[in-house]
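Going by the order they are written in, the chains are A, B, C, D, E and F; count residues from 1 in each one.
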Amino acid sequence: MSKPEKLIADGVRLDGRKPDELRPIKIKVGVLNRADGSCYFEFGGNKVIAAVYGPREVHPRHMQKSTSAVVRYRYNMASFSVEERKRPGPDRRSIEVSKVSREALEPVIFQEYFPRSAIDIFVEILQADAGTRTAGINAASIALADAGIPMKSLVSSCAVGKIDDTLVLDLNKDEDNYGQADMPIAMTPEGNITLLQMDGHLSRDEFREALEMAKKGCTAIYEMQKSALMEKYSSQIEGDNNE
Amino acid sequence: MSKPEKLIADGVRLDGRKPDELRPIKIKVGVLNRADGSCYFEFGGNKVIAAVYGPREVHPRHMQKSTSAVVRYRYNMASFSVEERKRPGPDRRSIEVSKVSREALEPVIFQEYFPRSAIDIFVEILQADAGTRTAGINAASIALADAGIPMKSLVSSCAVGKIDDTLVLDLNKDEDNYGQADMPIAMTPEGNITLLQMDGHLSRDEFREALEMAKKGCTAIYEMQKSALMEKYSSQIEGDNNE
Amino acid sequence: MSKPEKLIADGVRLDGRKPDELRPIKIKVGVLNRADGSCYFEFGGNKVIAAVYGPREVHPRHMQKSTSAVVRYRYNMASFSVEERKRPGPDRRSIEVSKVSREALEPVIFQEYFPRSAIDIFVEILQADAGTRTAGINAASIALADAGIPMKSLVSSCAVGKIDDTLVLDLNKDEDNYGQADMPIAMTPEGNITLLQMDGHLSRDEFREALEMAKKGCTAIYEMQKSALMEKYSSQIEGDNNE
Amino acid sequence: MSNEVISELRKDYIYNLMIKGEREDGRAFNQYREITIDTNVIDKAEGSARVKLGDTHVVVGVKIQPGTPFPDTPDQGVIITNLELIPLASPVFEAGPPREDAIELARVTDRGVRESGALDLSKLCITPGEKVWMVFIDVHVLDDGGNIMDASALGAIAALMTAKLPASRFGLGDDSVVPLRDVPVSVTAVEIGGSIMLDPSMDEESIAGTKLTVTSNQAGELSAMQKSGVHPLTTEQINYIVDIAIEKAKEIREKFLVI
Amino acid sequence: MSNEVISELRKDYIYNLMIKGEREDGRAFNQYREITIDTNVIDKAEGSARVKLGDTHVVVGVKIQPGTPFPDTPDQGVIITNLELIPLASPVFEAGPPREDAIELARVTDRGVRESGALDLSKLCITPGEKVWMVFIDVHVLDDGGNIMDASALGAIAALMTAKLPASRFGLGDDSVVPLRDVPVSVTAVEIGGSIMLDPSMDEESIAGTKLTVTSNQAGELSAMQKSGVHPLTTEQINYIVDIAIEKAKEIREKFLVI
Amino acid sequence: MSNEVISELRKDYIYNLMIKGEREDGRAFNQYREITIDTNVIDKAEGSARVKLGDTHVVVGVKIQPGTPFPDTPDQGVIITNLELIPLASPVFEAGPPREDAIELARVTDRGVRESGALDLSKLCITPGEKVWMVFIDVHVLDDGGNIMDASALGAIAALMTAKLPASRFGLGDDSVVPLRDVPVSVTAVEIGGSIMLDPSMDEESIAGTKLTVTSNQAGELSAMQKSGVHPLTTEQINYIVDIAIEKAKEIREKFLVI
């Protein structure tokens, strides 16, 4: 798509959303057999899957920490997830995204419970449509819970951007391509910010407003994450009762 | 060479061979000084050299097996072995060829005699003319014997292909390029198949016929392998007697 | 610059030097805070910085030597050090230069004093103008002394080349590009040659003459290296007295 | 590959069942696990398929872009098949460049498509010697429950069957379907203690001495074969596998891969 | 990264000072160390700067060469930013491909230049779709005394401010200055035990729970931000850092980066 | 490199022999081992040679293909020399990217050919600035019996002497011989305990403190030199080696490399 004349008109975005509206979200918990925990997360056009293994042994051993678990995070885009085929394997962008995503989740994991262990988080982007890192963090957070990793809380993530001088929640691909700013954050339910990146152009006041908007988005996502986990948990209880 | 009109006419192939005829084979045992065992093998236009080192220590140590030797096989084409210069180093094809070649030889090696050890097989293709993997396995089998590695038997290898709707033994490069199917196998003298690959187009009946033809080829090669080893062995005996 | 008609006329080179004249040299000792020893060395248009760390632990451990220190040398050109931007990271040339430079310095280091340790020498070429390896060795030699590594002596290095059939000391970039031979050497104050490379075209007699000219160049550089170290040392003494 | 993840006890259990003619999940020796194929699951790909084969789960995406032909086949399109055993899919997979297992799986998947002539490469030429369609078949393994091989091959052909040449996006006319002319199906058998079983589960795969993959086409003829693993096979075993593989491929094709 | 090189005792010392509102070198919490910027230090580069920020020492070289534009921006120049943490600069840096720390530093430096619109990329086009200027910003870290981030960003913009398009060398007309239209400045704060400090020294950086880098432009507006490190920040902390970062950037710009 | 494969006892033995003026194989200090050179041993290569130098065995293949010249030498052909120390050739060689020993051997082999002007690069130009002949010299070491350096250099020049420009295969006219105008020969000496010996065996090489390779041309003048190893040499030792190397090169050239 080439640059449209307007990305937002009369308070309605090209995909029909209001400025502070998230894209549709679909969550499935425990979708993989081999992983200790897993989650499939659709976030608008993003389709991501997260798997968690651990706590388990650390290889190579020199990466062990004597007083806590090592948390590792691998964000990876499938070759076919984007318009132009992506070469397989990590690139500089995915290495940076993996780093900040790991740091977004580490604060809520009780790492000190598992010295000399690894908690491995793998996030695969099967389809990308702007916001893959936030979708990945949301999925990973649920997968960690599904794996039974002790956590202080979940982490929820979404972005705020600016299009046509208007702040909007959760940019889609076209808005990201032709917008003026993009700011992904991740947050605990208590409002602590565990990820914050921004690029583009925001005034000081716009930034403050954007941060509040993003926090509201995260709160909404948090409720959906909780529901998805509760649903799985209660269906298990039911299953147990039926036996 | 561009595609010839006919690859076989009146039962005679372009290089003058009959359908079930192997290309000329030349074998020299023990051609290298440093290796524990070695063999130079010419198979038509293929010139390959195999070396065996071992049993010896395993590096890196985590590759050790506690109850048997590790067998490793490195198939490598010299840059100058082919028409278009090949970039040095392993590519995906050579990694696959190394794997199936190793699996073609492992069944005859008494690996359990040498726990925590490595038996390293190196095959260098100095000149390639279709059938390099079969030439390599034939050479490696002799080099293993030359290195004194205890073996249940030798392994012999050749391919059958289909050209102009006719099954023929041991394709050369032009037949491979313009033929309809290629099927390399490796076999023990008892007729056990240790390598089987096929691509192209064969009916079920053609396949059965091809397999029998290939087995006959392997049997013929086995005799040549045996002779080459006997010759070296007896010349050593003579040498010993002359001392 | 395209090839000039003459590189030397009436015994004067294009940059105004006489045949046996070195380019201006500027030395600063101890320019880095983190390194154990360091030296900034300007040699004509060359700007290089050397750092020494050690003796320190060896990683990976299998590189340890039980009876002496391991000396490692990493020669690296900054991407912006040359006319055409260089891709970051080691290439074949820099690996060879690192090897011969290390061998130029190893003979003067008392490696046996520090078994199981590493002495790491890092040389960064910030700007290159022919003669970077000799500049690097001169800098590294001082950085080793600055780090307090016990040494039999310093090592000094420069090149002799041939332009317009005349032997000249210390080629600059244009002389190197359009000259007939280049011969870098490194030498201890006692006249022992620890590095010798040559390419181009020299008769046997020219070679002998070149070697003598290079040795004189090294002797002159040695004096400058000593002064730079003395100056730093005496300023430290002064500093100590002032306290 | 995954020898370490199965205990000796479990091996004995499966082995003893097998001697009694049984499998851990109650299947007959020549029976496949449940197969589910969903296509067009990735909008960004020109073709895609999600295959579940028992506990095994793969997603195959086909990307198609213009590119330069190989010098020796200037008028033919290019197929490039890639398969990754990403660490998300199994505790024994590791990050890093593909290892020999992944490379073998990719290459056998590739040969199944290529050697069956499923893709008419000459119809993928745009300008001879200059520009042809490059067909990238990327297999993403999400869950390793055994027999990734057959799941990958199924996913590859299913994704191709729904794939489009994105001509309009590159200003090369109207989009069109990918020129398919055959539907190869790979069937993998394992040999365990002399018995032959189709579609091995992860546990069966890990105790099998050898695997044989047989890819056959619509005409019931062979397009590709690959023996993998150290245990030899007899001629009889091979002929037996070829026979049932061709039949089973027909069944699968008719049930799941109707054009 | 460098947790291991600072002893527990030293950590306690810095931490205790901090509680008393002091820093090891006597600075105020919002005070930078001494800054020295020398430009044109590398003749072979089209632009260059040496930045000393306290004990931290970086050299930034800008190389500019003609190259091919990206397909999706055929009429825009290309910026490529690289940063290496070479082992010369610190006992904890290792040779080898850049690790995540170096990549993050390079990418944040890059975004500071790029997102502020400092470089007018459309003026770096030579022939649309064919040839544009490639601007390589290479950051060479020589001494790690903490806060490499801000030193790199300072070096990048200072080097660009003195850089020339080497048109004559490539037969493309006369040399000209690089088309700059803004002067972004990055300011990094760390959070240690609830306190916020600017321009962390190496020791402060190694005990900080988290860093926040804020890049702002001449208009005092935000161009890029990056939180780095595992400790969360509150909204209040973030807003406070943004406020002082914009002020501090203005100060630094006016003192050191006058066009 | 191969220090570990020679026992202390063996070192002492060789050392003691040396003191008595003897070598383990009875050679004089300035004597080479038996040399055998066979050319045209690889039909697929444009030129090739197998060299046996005592127990050392290398095969050199020369491949020649059209390619793009370097921007700074638009009218000159390109030489690319590669050497691999493959693990087949010695228990101490390892698979993987070439290490410093292999790179040094390749580069010294390359300089011998290049700096002697043996190849007239201007005659390897096809279309200035666009297309030139690329001459790939690939040295394959099959057996390391010491002094790979001289065997490689011999193989390189012998292979070039028999090489053809494959013009017809690329539609560039008739094939022709490679434009050779000199025959450089490398001679390597080692210093062991103050004594100088030519053509070191593997054992001699492994106990030598240093090696000096001297490449000289038909006129008896120097084209390339390389000292390798940590032991210093005196001016006298160097001058002595240069003298005997030039003589020995002449002998070898006349005996084995007649055009």
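Criterion: contacts are C-beta pairs under 8 Å (C-beta built on N, C-alpha and C of every residue); 3 or more make two chains touch, one makes a residue touch a chain.
Model, not experiment: these values are computed from the prediction.
Considering the contact criterion stated above, no chain is in touch with chain A and with chain F alike.
Note on B-F: its contact pairs, compared by residue number with those of A-E, B-D or A-D, agree for more than half at A-D.
Taking the mean of the C-alpha atoms as each chain's centre, chain C and chain F sit 27 Å apart. One inter-chain figure worth recording: chain C and chain E are separated by 31 Å, centre to centre, where each centre is the mean of the chain's CA atoms. One inter-chain figure worth recording: chain A and chain C are separated by 52 Å, centre to centre, where each centre is the mean of the chain's CA atoms. Chain contacts: chain D has no residue touching two or more partner chains. Residue positions of chain C touching 2 or more other chains, listed in rising order: 84. Viewed as a network of touching protein chains, the structure reduces to one closed ring of chains, two contacts apiece.
One full turn of the ring, starting with chain A and passing chain D second, gives A, D, B, F, C, E.
Note for the complex: chain C touches chain E at residues 32-35, 45, 47, 49, 51, 53, 56, 74, 76, 78-85, 88-89, 120, 122-124, 126-128. Residues of chain F that touch chain B in their complex: 42-45, 48, 55, 57, 59, 61-63, 65, 82, 84, 86-91, 95, 97, 136, 138, 140, 142-145. Those residues of chain E whose C-beta lies close enough to touch chain A in the complex are 100, 103-104, 106-107, 111, 114-115, 117, 212, 217, 220-235, 238-239, 242-243, 246. Across the complex, chain E is touched by residues 92-93, 95-96, 98-100, 103, 106-107, 183, 188, 191-204, 207-208, 211-212, 215 of chain A.
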